Amino acid sequence: MENGSIASTLVFFFLAAVMVVSSILAVTTKKILRAATYLLFVLFATAGLYFYLNYSFLGAVQMTVYAGGIIVLYVFSIFLTSTDEEKNQPIRSHRRWLGFIAAAAGTLLCVYLFQASPWGEVYYRAPEELPMKAIGNALMSADKFGYILPFEALSILLLACIIGGILIARKRQ
Amino acid sequence: MNFLSLFVLIPMLTVGLLFCLGKPSHIRLLCAGAGIALLALALTLLGLFIQARNGGATDAMLFRADLCWYAPWNIHYSVGVDGISVLMLLLSAIIVVTGVFASWHIDPMPKEYFLWYFLLSTGVFGFFISIDLFSMFMFYEIALIPMFLLIGIWGSGEKERAAMKLTLMLMGGSALLLLGLLGLYFFHGADSMNLLTLADRGMALDAQRRFFPFVFIGFGVLGALFPFHTWSPDGHASAPTAVSMLHAGVLMKLGGYGCFRVAITLMPEAATELSWIFLLLTGISVVYGAFSACVQTDLKYLNAYSSVSHCGLVLFALLMLNPTAMTGAVMQMLSHGLMTALFFALIGGIYGRTHTRDIRLMGGLMKVMPYLGVCYVIAGLASLGLPGLSGFVAEMTVFVGSFQEADLFHRVLTLVACTSIVITAVYILRVVGKLLYGPLQNPQHALLPDAAWYEKVATATLIAAILVVGLTPHWIADLIHESLAPVTAMLGR
Amino acid sequence: MFNSCYTALVPLLPLFSFILLIAFGLRLPGKWAGYIGSVLTGIAAVAAYYTAWTYFSLPLDADGTRPAVEILSWEWLRFTPLLAIRLGIYVDALSAMMWVVITTVSLMVHIYSLGYMAGEKGFARYFAFLGLFSFSMLGLVVAPNIFQTYIFWELVGVSSYLLIGFYYTKPEAVSASKKAFIVTRFADLGFLIGILILSYFTGTFDFQTICGSAQDAAGVGGALFAPALQASFLGLSALSWAMLLIFMGCAGKSALFPLHIWLPDAMEGPTPVSALIHAATMVVAGVFLVARLFPVYALMTPGVLEVIAYVAAFTSLYAAVVACVQTDIKRVLAFSTISQIGFMMVALGVSGYGGHAGEGYTASLFHLFTHAFFKALLFLCAGAIIHTVHSNEMKAMGGLRRYMPVTHLCFLVGCLAIAGIPPFSGFFSKDGILAASFAFHPCMGILMTAIAGLTAFYMFRLYCRIFHGPYSGDTAAAQAEHAEAGHHTPHEAPAVMTAPLVFLAVLSLLTGFIPFGDFLSSDGLPHAFPLQTAVAVCSVLTALVGIGIALYAYGRGPRPAFQRMADQPNAFLRAAKNRFYIDRFYLFITHRIIFQGISTALAWFDRHVIDGVVFGSGKLTEKIARKIRIIQSGQLQTYALILLLGVLCLIGLVLYL
Amino acid sequence: MANIPMTYYLVLSTILFFAGIYGFITRRNLLAMLISVELILNATDINFAVFNRFLFPEHMEGLFFALFSIAISAAETAIAIAIIINIYRNLKHIEAQKLNELNDLK
């Protein structure tokens, strides 16, 4: 347990480091393709975090939908719209400073809040895997704690998105 | 529903019927008919009112009717008239009907024009018959808004700007007014908006002190109170003829009437206490308007400044707070309404022919258009207070009344106001001399036609009314005097 | 005893004539408008004579005075419980006398105008206005209260305005009418304020009440006047102020210095109008009003009466001097009118109340009476001359006695009357005035006698320049010019014009013999004023000297010395010719100060300062809006940034609290 | 795993979140902004999962919320990219600050 716990601690910090570094790089790099790549790293690390929390299904979805689907979409659209102008005209520096200060202040504020909250004493208690069956049942059930209604709503939303996406992106005569 | 509501219903019905008509001749006929019906109604009301008074009816307001609109806030549609409102209704009816004749060939869009025109009339009539603060205020707003379109669309010169200026300034005034009215409502216990109830109940002095200026200035803006009068020259100059007539003739009277009916009646102690400030302002109005009129070159500007002076006298006399001066104030409202409407009708006629209102570009028009010229001279003489015409009786009543206030402040102000009769003579004679007399200035004017029949109808009606007021003032004075009794009793006079 | 029917006809017939002619005048053919006006005035005149006759034959009261009769009293407008305007007809000696004067002169002018105005455009309008004027004037003099006087006072002013501006296409006529109206209006302001003060303190407009209590309380100060006498302002009692201000109104109407400037210009009107309004009737309204209120002036405010005397004496002198150098014949007559009104006012001013002391009062009104006839006569003669010569200037005349014998004779009668030569009427009335002046103070007497001499001089200068010497139209150049203008050699006026002249000339001869004191005196008691021989001899001698100088200087055309004086005037003469620059001074006041100074400045102030504030507030709102709307840039990222900052601030705030 | 308190996870997601916000505010390119939005969404997803796991392990709300959020963000990305491509087609650029055709202030 000790070893395992040291190893698992190391895993957490590794994932955390990847996420923090990649996310910061993603928003600061000049090249848009690189930003997409860093985003991919973040998403993978997030998926790792889900596995680490024993949410294998969530992690899997994260991998497939995000890392697999969305990033591809990004990459293609980047290729379609690549202009390189990002590099030539940097954003006005006072905006960047303001953004940085705001973000830093926000982070610090939140950290201060967490530090003041009782959650610093909350640890992971039930390390068992969430069974796939339970997820399936909950998703498809109409009982209490059943998610059939949001599930259906989401499916309609996705349908609408597909139609909308096609409508917007199609070439007009 | 009693027959006073007809004053609101007839114009509203006319508006409705106008939607269905298309041919200009039909529209004119309908409007003339509606105007004459209103005039007949006003005359009937006058007869009935005098009859009722002679029959011993002693209520402050006669022909009362009451209809609850919105119970939670005690808003009623409540009507009733006293002698003053009867006279104001008659004045409005005369001017509405002459205004229809004066805009007989309005162009373009006669239908829409008359639609707004009668909507405006609805507001005016509604205001004068209302004795509920809320409905009064509502009709007041109804009377103001159509003005914007009437000037903005059918006006001349810088009409959009003038319309905007006029509407915004008057709206500013009504914002103050609304504050004042709400103050009246809440400080009277917030359970009635009826003028009579409020007047009976009285109001704490410090609340009166706080809200009197709001109400008085709110109405005063419409009554061209210095220094809130500047909408008047631009607005009048740009407005089409009938709108100028209605505006100067009736709408400016709404201001004076409101000051009397609401500000002074409901807050008599504050009126007594604060009258000196407003007396100063109105005293300035009287002389200032007259002096400014002396150097105007545009006929309508001249008349607008003269209106500032004459309407200033109305408020001035009201603030003297004694029965004689207040009688004079109401007579001055009547008189000014009639003669300024006559002026604007004539200026409209002259402008329609010469296409200029600059007196420097005209001259010797008496030879070309004798009818209009003679009427203009009559209007001028009425304005400078010739005995036998309405201006004289009104001004004299005001001056005699004001002179009854014995302290130095009132005396000096009265004397200053008296000087306006000389200055009025100066500017009236100046413009008459330049415009009508002398050799013909512009040879192109030699062939212009004289007044058409509809213009003759309009001007003759107004002149007749001016003569009636000027020659037989006693019954008008009596009518006003007995209506003032409750107010003067409250003022302790 | 007194039938109100025909009495009321006197003012109402001219009014009826006015309404009739205004309504139908344009459709009447030929001279019908004139005939209607004349006939109606004629009937009014007869009714007026009959009224006067009945009135003066009424039995005297127990105290020897004639009772005043008030008929037709109608409450026209009530101001306060005390004050009300009643319209009515108040007949007493003064108003009966005025009625006779007004109707007579008005009738003469109507008849005369039939010839004078023949063929003029606006013939009907002219007669309509004459009717209006007669109505107003007749109503003025019978007013039972001071407010009715004021009402008709204004009406008279307007009819004068309309008649002066009768030739409304002539710019001079227009500006003259305007000037007349505005100057008198300014004076009326004083009158009005005077009425306000008087009525406030006494609580009545009624002449009978006012004058009656002044008489009753002679020397004591009746209860009616007590408050007015006690209240004081700037060292004078309120009553003095009131009476001074009322006198200001009188001075305006009666063209006393410094409000006389309108009268000479008023000569732009048709000449018969000048005869009626600006010589015989309207301009003496001031004298009439002072006479009407005489008990108050004499018994309550003798100081004001003295002021009146000085102002009037100065006016008289001033006008006489100016009249000596004018070259326009109507102007000469106008200044002589001013001067003669000065005489009347002086007589009132120096008069005492009652008994022999009241001689000035009687003399003043006597002079008013005689002057009306001979001055109307002079004006109508001048009209006949102008009618035929087509010019107002003396230099266009001369030697006319050959062409116009009747006019010449009538004019001579008028001149002799005004110069005060016995037995013409002017002699008798002027004698009374001079006697009263000597009684007041010898200096005043001497001054007035000297002015009477000046009067004789300028009138005979006028007479000689018109009727003697060579006729200017005889020169070849002038004849050619005349022919070009389509004019003809001078000729006598038609009978319709000469008949009134002769009638008035006869009146000027005879009216002097009326024992005026029997009818009119300050206290109402008949009183005979015998001729004062010493004063009479002095004044006649002075007048003869004046006439002699005039005849010597201008008898056969201007002598070279006088011509040279006229051609190269010295400073004094130049000033006199320019009326001592009073008009320029007024022009400066009105144009430079009132128009360019006050009015233009106020108009500018209104446009730029007050309207500037209005527009400024609009502009300010717009400016602020422009500044604020930058925040609302449409940039999503900016919104996000602001949102974030806002959230942070809120959280910080919550934490801090 | 068991010796790492919940606060650590929250701090991690906070950093992600604010990095995303920083990116959203400062990036010019619409796609880059969209990437930042993804970061923000990801941070919230983590929070859902963590709260569920640590505070209410026997329930599944957080899990499902994260799940749906992933789905929705996928949809949103698809639509957003469609719009961006459309904008690029019309204006030949996708810079957020230059998209001011309808703004009269410029």
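Think of it as A, B, C and D in the order they're written, each chain with its own count starting at 1.
Convention: contacts are C-beta pairs under 8 Å (C-beta built on N, C-alpha and C of every residue); 3 or more make two chains touch, one makes a residue touch a chain.
Computed from a predicted model, the values in this text were never measured in an experiment.
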item	value
C-D or B-C - the one linked by more C-beta pairs in contact	B-C
Farthest chain relative to chain B (centres taken as mean CA coordinates)	A
Distance from the mean Cα position of chain B to that of chain A, given in whole angstrom	73
Between chain B and chain D, centroid-to-centroid distance (C-alpha), Å	66
Chain B and chain C, separation of their C-alpha mean positions in angstrom	37
Between chain D and chain C, distance of the C-alpha-averaged centres to the nearest whole Å	98
Junction residues of chain C, two or more chains touched	637, 641, 644
For chain B, residues contacting two or more additional chains	none
Residue numbers of chain A (touch at least two other chains)	95, 98-99, 102-103, 106
Set of all touching chain pairs, with the criterion as stated earlier	A-C, A-D, B-C, C-D
Sites on chain B touched by chain C in the complex	165, 168-169, 227, 229-231, 233, 288, 291-292, 294-296, 323-324, 364, 366-367, 381, 384-388, 392-393, 396-397, 399-401, 403-404, 406, 414-415, 418-419, 421-422, 425-426, 429-430, 433, 436-439, 473-474, 477-478, 481
Touching residues on chain A, where the partner in the complex is chain C	95, 98-99, 102-103, 105-106, 109
Residues of chain D touching chain C in the complex	21, 24-26, 33, 96-97, 100, 102-103, 105
Residue numbers on chain C that touch chain D, as the complex places them	629-630, 633-637, 640-641, 644
Of chain C, residues touching chain A in the complex	637, 641, 644-645, 648, 651-652
